[in-house]
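Chains: A, B and C, in written order; residue numbering restarts at 1 for each.
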Amino acid sequence: MQESIYFVTRRTTPAIVGGVAASFLVVLLGMAPLLLSASMLDRLTTLFVYIMLATGWNALAGFAGLVSIGQQLFFGLSAYATIRLSDAGMPVFLAMLASIAVVGAFAVPVSWLMLRLREGEFAIGMWILAELAHFIVNLDGVVQGETGTSLIALATFSAEVRQALIYWTGLASVLTLLGIFLFLIRGKIGLAIQAIRDNEEAAQSLGVETLNAKRTVFLFAAVCAATAGVLWLATAITFQPKTFFGVQWTAYMIFMVLVGGIATFEGTILGALIFFLVELVFGPFGVWYLIGLGASAILFSLVFPRGVWGSVESRLGLDLAAVRYRIRMSKEGGRNGKPS
Amino acid sequence: MVWVNQVAQGVLLGGYYAMVACGLSFMFGVMRVINLAHGSLAVSSAFCLWVIADVYGVSPFLGLFLVVPLLAFVGVVLQRAIIERSMRAGVLVPILSTFGLSIVFDNLLFETFGADTRSLAPFIGDLPYEAWPVYGDIYVGKLAVVTFGCSIVIIGSISVFLSRTQWGRAIRATAQDPDTVAMTGVNPRAMAALAAAIATATAAVAGAFLAIRATFDPYSGAPQLVFAFEAAVIGGVGSLWGTLAGGVLLGVAQSIGAQVNSQGFMIAGHATFLLVLLLRGYLMERYLRFRFEFLTGKR
Amino acid sequence: MTPILIVEDLNAYHGLLHAVRGISLRVGSGEVLALVGANGAGKTTLLRSIIGAHPSAQGRIVLMQRDLTALSAYQRVRRGVALVPEGRRLFAELTVEENLMLSRSAGRPGIWNVEAVMDALPQLKAIRNVKARSLSGGQQQATAIGRALMTNPLVLMLDEVSLGLSPAAVDQVYAALHRLKASGTTLILVEQDLGRSLDLANRVACMLEGRIVLQAEAANITRDQITDAYFGVARRHKAED
């Protein structure tokens, strides 16, 4: 074996290229309201919502191993909180921000309760919690039961200003959340939650604070869904409990993450993009579109469990977001050596 | 007296929940799988029975002789094609794949039958409308009593099957250790398929009662699944008689809740479920702490 | 001697580790073969491969002139191989009797039924309706042996039957094994306790790093020869039978 020096690094060439390209894209997206039509802006905002939904669910399922079918709990509650706060006279954009904080705080006691449950019990327990929230929200007179209500305060803005503001809010939120996601999975918590996912007992015996790491991810996922809910309300304006607390939101999340690539950063965005395009093209087919979504969820979970990005990554070794550590050698010819 | 009546109705409603839940609980307890398509399978059975009754004029109770084997067969296919494969990929994957399956089922039903709500009640004579007086102005519906009775018969038969028969023992052993069970000459894959067939067969019967006692539509599967899951978890997953008790508790809570408020039916049910979870978690923690202190000599 | 079990060129892996390396083996009817070797020599993997419980195993297995190679574990058991697995692996929630009854699924006719097992392993009589989880180590081992016997095997393989048992319990188990030998049952025994296994076996095969490095009649071999083979000191002495 030849002498060789090993480096452990995350900085691969594709990661640097990825970083530069992403910065360009962000600048371009920031200028979009000056360049694009109103309907295009609305669509991009929708894409941001999808990315947030996928990010939260991927963090939860892919990194912490917690499958939830009840993320619509936070989605619906934050929309409801915005309606409530705005109705009480709070400026509408402030109400949106405050709602995210309120729902984030609400997620803390929820995590005490739900993180005791394991696997399937957690999955459906979350769903039942969402249903419970749905019916309790229905009791509020402001909501008018299943009829719903509107975020009237937004009407004080002209259509153009409103769309641009919502778009920028969406862009800022999605960038912030993706930033936090990257920070989480690259940092100490990222390592902890991956250790938990691989083997919870072993991780515990090594002193990994499994519950704290899980709770952090759970709260992050809740904030993702809450932010998405607020933005969805801002673009849709009307609030109907049945829509906002519907389990289809989680179905979308599952589809995006499974197709894009579970437990990958890039796959999260890719999955949201694919879902966005699929909905654009096949959405008009209604029921068959939904059947297709369900069928792809089955297909991907059985046949391509790593999703599109997972397959690309394992074949090409690409890592655009610099999440994984790599071992590199200073010289060629160190092949016989075992890196250790 | 109103309250006594509500409790009585709730108990009987619990019989129905136990019927939907027992297959789910059985699969979870025995094969460690949560089949999220369980509710959708029950609704599929309801539609099959409706077609048989509406088109061919055959009573739903006779129709079950066709639909129960049909759904048992679906269970075998489901186990072999989806659950077995997804369990190999990890414990969480069956949740995802069966959730996808429920979306496919629900929307295929919608595509075929449209959004109309239907009921099997018109096809079974006067049973849904007759009641027995019990005491004062408390009446119990004959249908509710029949449902409760059927539920007990189903749960009782599965219990006896599991504890007294060779296949029942083999299913229990497969649940504990599928590798070792092969060393006794039991085919573990066949036993898993048999368990799935039993679970989906109970879903077929539950679908019949769902459709007789109320109306149903292609998207009725999700609420049935939620109720079933609540009953199963309240009663202790995997315990069949516990599932009956869980169903009864859920039914009583809903029935009392409905008396309070129009939304109270759902709220009381879900809240009871969460309370039971909370209490169980708390008691478990207390017990573990006590044991720890006991074992380390602090008590 | 007509071989009842033939193993040809068996290879098995644990991930990248080549645990069993091209083993060929013949076991005669009524013979007792003791497999000895250090931990990690591949003994358990060999037994599991013979019964079809090790997924990566390759090689031919023939039992009574019938090729078992393509069959899965439960089918091989139905043809007449049985294994008492390492660590007993009882079904904890089933009673002793239920554990035994399971093996009726093998569908093999023969002398062994619940009553015959109770007679052969009398320590089971008092605990027949006790759940396996609350048994002592010796009782568990007896149940595991009984469960394997209930399949009426042509070849019975036992993996570390004395591990973790009290000396008295080991005596009981070995007394039962001697009676089995006397009744003409073919046994393959993996055992750390050299004295006991040499006492029972007709023939000894010593494994080292996945290979059989020494095979001999039990009567013609000394403990020193085995110990050498055990640690890979004296590969030259490779004796043929």
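We adopt the following convention: contacts are C-beta pairs under 8 Å (C-beta built on N, C-alpha and C of every residue); 3 or more make two chains touch, one makes a residue touch a chain.
Remember, predicted model here, so these are calculated numbers, not experimental data.
Most remote from subunit A, judged by the distance between CA-atom centroids, is C.
The interface with the largest number of contacting C-beta pairs joins chains A-B.
Our note on geometry: subunit A versus subunit C, Cα centroid distance of 53 Å, whole angstroms. Subunit B and subunit C have CA centres that are 44 Å apart. One inter-chain figure worth recording: subunit A and subunit B are separated by 32 Å, centre to centre, where each centre is the mean of the chain's CA atoms. The touching residues of subunit B, counted against subunit C in their complex, run 166, 169-170, 172-173, 176-177, 179-188. Subunit A makes touch with subunit B in their complex at residues 61, 65, 67, 69, 113, 116-117, 119-121, 123-125, 127-129, 131-132, 135-136, 138-139, 247, 251, 254, 258, 287-288, 290-291, 293-298, 301-302, 305.
The touching residues of subunit B, counted against subunit A in their complex, run 28, 34, 36, 82, 85-86, 89-93, 95-97, 99-104, 107-108, 110-111, 222, 225-226, 229-230, 233, 237, 261, 263, 266-267, 270-271, 273-274, 277-278, 281.
Across the complex, subunit B is touched by residues 51-53, 72-75, 77-78, 82-83, 85, 89, 91-94, 98-99, 101-108, 147-148, 150-151 of subunit C.
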